[in-house]
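Two complexes come next, and they have one chain in common, subunit A, joined by subunit B in the first and subunit C in the second.
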Partner chain A sequence: MSKNGASGTRAHVVGAALPRIDGYAKVTGAAIFADDIALPRMLFGKLLRSPHAHARITSIDYERALRLPGVVAVAVGSDLPVRYGILPSAQDETVFAIDRVRYVGEPIAGVVAEDELTAQYAATLIDVRYDILPSVMSIDEALRDLGADAEKIHPESRKANNVHKDVHLTFGDIEAGFAEAERIFDNEYFFEGNTHAALEEHSAVASFGADGKLTLWSSTQTPHYLHRVAASVLEMPASRIRIIAPPIGGGFGGKTEPVAHELAAAHFARKTGRPVKFTLSREEVFYTHRGRHPVRIHLQTGIKSDGTIAACRLQTWLDGGAYGSYGVATTYYTGALLPVTYKMGAYAFDGCRVYTNKPPCGPKRGHGTTQPRYAFESQLDAIATELGLDAGAYRAAIAVDPYTRTVNHLRVTSCGMREALNAVSERTDYSSKHGKLSSGRGIGLAASAYLCGAGLPIYWNPMPHSGAIVKVDRGGGVTVFCGTSDCGQGSQNMLAVIVAETLGVDVLDVSVCAGDTDLTPVDLGSYSSRVTFMAGNAARSAASDVRERIAAAVGAELGVPADRCIFESGRVFDREDPERSLSFVDAARAAEARFGTLAGVGSYTPPADLHGDFKGSGVGPSPAYSYSACVAEVEVDFETGEVRVERIVLAHDCGRALNPHIVEGQIEGSAYMGMGEALMEESAFRNDLHRIPNLLDYKTPTILDTPRIEAIIIETEELEGPYGAKEAGEGPLNPVIPAIANAVADAIGTRIYATPITPERVLQALDGTSGPLRLRAPIAERAV
Partner chain B sequence: MLRLPAFDFQPARSVDHAVALLAAHGNNALPVAGGTDLYANMKLGLFAPQLVIGLRSIAELRTIRFDPQHGLRIGALCSLDAVARDPAVALHYPALARAAAMVGTPEIRNMGTIGGNLCLETRCNYYNQSAEWRKALGYCLKRDGDLCRVAVHSATCKAVNASDTAPVMQAYDARITLVGPLGERNLAVRDFYQNDGARANVKRADEILTEIVLPLQASGMRSTYRKLRLRNAFDFPLVGVAVTLATDAQGACTQARVVLGAVTSAPFEVEAAGSLLRGSHLGEEIAAGAAEEVFKAGKPLENANASLLYRKRMLRVIAQRALEDVSHPLR
Partner chain C sequence: MSISPSKMLATLRVNGRDVTLAFSPNATLLEVLREELRLTGTKHGCELGQCGACTVILDGTPVLSCLTLAADAIDRPVETVEGLASDGSLHPVQRAFLELGAAQCGYCTPGFLNAAVHLLENNTEPSEEEIREALAGHLCRCTGYTKIVEAVSLAGRRMRASADE
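For the complex of A and B:
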């Protein structure tokens, strides 16, 4: 199916390197982002945020703020007391803190005023009194025994100390596995936290209509979840709330859960009867965060003499920050996808997430799988070197086979990992370079896998994960309605391509109406790399639905069986006699005359048999997995410790590339982002404060730091994907970080066990003053 | 979004007009050139002038002229990009072209001026933060607080002078002109700065910097500027090293200056390195000795984006590389 279009003909739109449908609007500035929206009589909001990492609020007095000319309203925690959270199991946040603050930057109150400066100034007039509590700023501190009287960050938590969640899973006979192993590799790693750094700061505009209905425009990747939470927090029927996701200036997971300013905007719009806008500053984005968790990793891998993995035990400790967020899922994800790449005899996973007094961590591109993947691929590199094996060939030898189950019962379908490994090895001549380059130069390789959407929804329900409506106009225009939110990855483009292919029309004849809860059927959102696969399948089935009616009408008109009608290049014709045809416009008119208004519906629900039957089995299963492999070449300056990445070759099995331009864009963006995480990005704290909450000091690479990136698309036939597609949004990021780490190890002859690989760390490694990480006793003994 | 606080803006018609406005408004007014430093600091609540006096409208301060009698005269309002691309600068004072080209980003260099770069406010990552952040910290000595977070026992602020061009100007022994209500002052760049994080230079509030003159004598020198940073653009220096060197016909060094940027509150000339170089034939050993002097003399603190230990260690490496640059007749 993968090379074919509708009804067995050659694909015309799928696979064509067409420009993005939203490309011109984005590069010319015509696109209207949330912060561009301006409504008559609009007010501007500002949040007052906590200056303390951990404190009890003893009083709040906002009289002075309210009396300031220009201020229209103020709200505090008691005005919006309903707790919420993205996961049903972690309903632990309120819009404004009630009684207690848990990180510097946590919202305490909101002000709306006639202009932004007045709102900003008014917030400083709110007098808040605190009782300061001791802060917990690291995993070690969070695991420390608190004793009888010390306060937990979440006193209601049933776990010991500041533990939020712990998970213990075993697959196969782990003890026997290790007994069978010839050698056991035992290492500890630390993956530093970092943030999404999307260019667009979050923004939300809310307006109440005269009909009492709320419209909320927000830069959100998940309009459906915002819809649910807004209904709950505002205590309004969902039917009176309309969420619209305008174009988004980058998400990377940072806009996947409802956060305070969106709900505050809605609250104030209701309270004042005027439209309200909240746009965060860059510093506030650092506090809103939900980014990459810092993770300590303990990895033991037992290897048989032939290099196969007899057993693997992974322990992770996640620094979750102050609230739950997606953290329970993140914790499971640190363990769930490790076995999706390589065969292993037995697998044990223990995960533990702790609360600390820092901005909450959540999902960032690669959600929870990025950190252990870095550790695993680093260790495999050391194993290959120890065993004298070629790192690429070794990985290919132990790779999972297509259409099998992993040791943790996940269903694997198409798998192009071997092809990806071969492609990057060959392109870079890896085998003849590794270990043989001149001093200071290194080459490193790594592989990985990722989801094409989560097999289960985050709140349990038996409904589809994605729905679509395809409407055909008398003029031949086609509109696809779908609840997706395009966070910049090009997901709307995918819907247009799929619908255009199915109906045989030009992509530009397809309009996409997305991310509008009044107009579009539910799609769960842009996360877990699910949109192309799930919304794509829904759109395809909606388009097929309407095509059937058009084919029936054309068949009757031309006197041929409907199933002989081919849709291609703006025409519908008889397969046996292509001269017998109607233009798509005439076909649509004939169908409308015969059947009435032309629209098709479709939806997608993942198959039920993707996972095993154990507690926690819901995180990790996906209808398909994408596979990636990467080679990085680096040069290290032994005097300054600087690492210069010279080349990244990144191959990605995305199933069928619906639009190769966009797949390449995702691969290139992943290489770039991975390089930043590997070498410079870190969420650093000092004096309880984020040390550098701005993009001048929080380092991401510039274009001058970015090497040649070679994207290689590996196409596999994914039978369950729309036209064979899988995903490209997140997967390619994961192998980049360990590939760079492995290249640095090759260049300097010693390994660094933590990210980011800063010049200082390189010098310490060269001096021999860093050495392998050693977990301190309380952690190794798992005080949970 | 962070907003600029409200202020009045008045473009100056001339140097005299600017000075008159400054004199009339005292401490309530500040001059602005490109605004890339001042406006950012105003957003952070570090400055709140009622009146901002625009200098970009003074056309006479936007020229670069090489005069074979006196050297190079650069109007203070020339953009960093204009300085970096000027053929006379590149030919006669290549280290200046190099330093100017390394500032920030293309956007910053288009807006930012050479005068603004020399008047740059000192920096510290406990200070260049928003009002909310500094409140959460409990402030520091430089503004609103009584404790230096970097040097707890220090009675003075240790924020660094992170200008890329300042150490180069000092190494070329450049002079600047300040114009105020009482007339014109002309002083060496060396005397313009003072090692005080709270008050980076001796410019009075009612004075403006109008011109920088690079001496003709310096135009024959070998010179370079090296900058350590964590990425190749959009980054202040962690350590900057400017070197100028003159040799006689035999290749012996007759004059030498090694000036560090971004280490202390003023550009910092390492005299011991200069005197070691003078009279010698610059070779590997001498260069290593001079780099050692730089390492010994430079005392960075914990106020930038890399640890002080790293910056200290890098002093030697960056100085060594700068000296390598000038050991071949580059130009």
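For the complex of A and C:
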């Protein structure tokens, strides 16, 4: 594949496997994360959290806490009464609970003191009295008819019982589609909830200056949304608030919405006039959650004799936990992207999110699309087996075509799914292995698609989704300013690569100033895999803007037309006569002399024609979709039920790989994280309590559990992406879970219809006690 | 009245330098490194000895600094990530992590680096299994471990090559 650069020349930075620009700081311990910040006179904060899953607060007395030497201030719900929530439609949380708590771990009060231990002890001195209410801990309980007497978790909700959101969408003639089908496959699945478990525990430091300005450093993936919510909750003008996102120690969606400790830090800094730090303990991170929703899935797929999909009906029930979070979007996402992979004649989707008395669920890598993808790819595997078709070839045959519309009206542009399917099939010799391996060994395949950013913003506005400024100084140094937050995915590096490519300079000559609401134009944040596509396009546009001026100056200087100026390797030269040239430094000086201070601006707004016109059409559209395919090979121990993943081959269509090392890293990390979700990770509850809020009992794969992952980059040319790029951060996770599930089915000859595929479930399946519709009994009923 | 016991005065030897400072007898080495010495390269991910992020080298052995009392480190050399590079050049393990992209968010990285350096100092030619065994107490949520194993292996090859010179 040709590597075309800025002006039709060969790219010199895009596509090169260079070390990331923030790598040096990260291997030397020099990177300053939020909890590494310490300011003079800084106080330390702790939150008092609810010990009850559902209760009315009858009184709070914090006099004893306040009298403890070293304690500086205490705050409770009435101090910060403004409701907030990440979605305009779900303004249902307060910093500290008011009148009622809805999950174990919900913040009730905050304390700041001279040291952390004092704050922690003081929190235990706060006397809270409760009237305990019945708790709702499962989807079934939440859907149960409450009758006249019982109270809902959110009494103000207009929905019946504890339903938060329900969605009903139909595309095409669904009844005719099923009538046309030769066979209908009908299965239920359950995808267990799990959490991000980023290694960095959330931390926030706030400082309130004598000038009346608040600075809040926070490990947030979305500094812009924190800015908006802080202004609202603190009832301060946004112009007096500065949010800074330092490097984030892993996000995966867990740091994408404002949560209590950040706003508490800001409140206490204002109240005490001293800097305040709140850092969560690991247990508190589990309560803060916003992780993967548990989803029950009912999937009916009508297949014609040739295997094409005549109709598909998907029903999902999401266990949302106690608050709205991103849940309305999550609900739509469980349905929206299913048709992005395969052609289907008609599609119907019914989604229902319920409230339960558990920590709120939100977005985790793959946001809402991961659970139905597991179900669909599992069912397709069974369909291929029933029809006697090769699972890879079958998927390739029914795959969507590039530059088409899906049945739910989404615009598809570049699509490398067939190439990805071929790559993983060939690399693993899938066809000659599936169904033919020795007993206990299995191979499975799956594919998927994901967004390159949401086509519409989460709060309605006509402004760009991402903005960038590129400044060029007289020394030839280039700085790009952009509101992105780097959670480890490499967004800083991405900005530097794109700007370096556009201006033909060394990537190390580009400095990145990101995630600072005072200094950088808005970028909506690091979620929905939007940063490379959207911030990348904004940065490219800003760099092109300044390049035009430099080209004009160089053209005048050298007496050549500006459009013949090529920017490459630190020089600007005439395409027709490369000897006629200026160094980039001289070119920048010439341009500054001619035009004044050199800076370019750029922004990105997705096109308007990405979706259909119906209620709910705002969730799912994206300017482009990435495509992935995965093959997993497993070995199952019939004695213990343990599944060992021997091999994962994962191919991902990321458009153009701006930096292959980083793309591979995203694919490898996705494979690992998907494997954890498939086999062991689960947010488990017992008697209202999170059963395992620590990193020992919440099982994640160790280096001994994880095979060497084989990442394959599939490059397509995405015409609207920056230098042809699409996302790589989330999409590759989605096919991994069904690929492993399919491999286990191949290994043991029967299918398990729930995640995670624990040894217990494997043994049940081998005993024949696990039929297609049998889900695991609720935790409370199981032997402990 | 204070919650914390009175502080004691002690001398720690950190990254080759003696530092005399006051800390509580119940302070962990992690707290003293990060909060008193401001060596914030050492990270915390759980405070319970479960994630490996806080690993430092004490007396030549990797330890979880969140489970080690600072008082136990008196008169024993402590090495942290800040001491790995010398004379402005990265340790081969750091260089390999940087070149291969084995650090993504970078939060678990200092712990991995210390464990990997310790491994390679004691076993110049580890097999992949030995690398994985040595790093098994460290969690990483970003990389899938693949590039970490490759980086440690590459660093080992380079260290052997330079030892042979």
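The criterion applied here is as follows: the second predicted complex is superposed on the first by the 771 of 784 C-alpha atoms of A that agree within 3 Å, B and C clash if a C-alpha of one lies under 4 Å from a C-alpha of the other, contacts with A are read in each partner's own complex, and residues count from 1 in each chain.
By definition in this document, contacts are C-beta pairs under 8 Å (C-beta built on N, C-alpha and C of every residue); 3 or more make two chains touch, one makes a residue touch a chain.
Bear in mind that the values here come from a model prediction, so they are computed numbers and not experimental data.
Judged by the touch definition given at the top, the superposed model places A:Glu664 against subunit C, while subunit B stays out of reach. In the superposed pair of complexes, A:Arg282 makes contact with subunit B and with subunit C alike.
Of the two partners subunit B and subunit C, more subunit A residues are in touch with C. By the touch criterion defined above, A:Ala608 lies against neither subunit B nor subunit C after alignment on the C-alpha atoms of chain A. After overlaying the two complexes on the shared chain, residue contacts for A:Glu200 are found with subunit C alone; subunit B is out of touch. In the superposition on chain A, A:Ala210 makes contact with neither subunit B nor subunit C. In the superposition on chain A, A:Pro693 makes contact with subunit B only, not with subunit C. In the superposition on chain A, A:Ala25 contacts subunit C only, with no contact to subunit B. In the superposition on the C-alpha atoms of chain A, the part of subunit A touched by subunit B in one complex and by subunit C in the other spans residues 35, 117, 201, 281-282, 696, 702-704. For subunit A in complex with subunit B, the residues that touch the partner chain are 35, 49-52, 104, 116-117, 120, 124, 201, 279-283, 639-641, 680, 687-689, 691-693, 696-697, 699, 701-705, 758-760, 763.
Listed in rising order, the residues of subunit C touching subunit A in the complex are 1-4, 34-35, 38-48, 50-51, 53, 80-82, 84-85, 90, 94-95, 97-101, 103-110, 113, 128, 132-133, 135-136, 138-149. Contact residues on subunit B toward subunit A in their complex (touch as defined above): 1-3, 5-6, 105, 125, 129-133, 135-137, 149, 228, 230-236, 305-307, 309-310, 313-314, 317-318. Residues 19-20, 22-33, 35-36, 38, 68-70, 115, 117-118, 121, 196-201, 247-252, 281-282, 487-490, 661-662, 664-665, 668-673, 694-696, 700, 702-704, 706, 708-709, 711 of subunit A are the ones touching subunit C in the complex.
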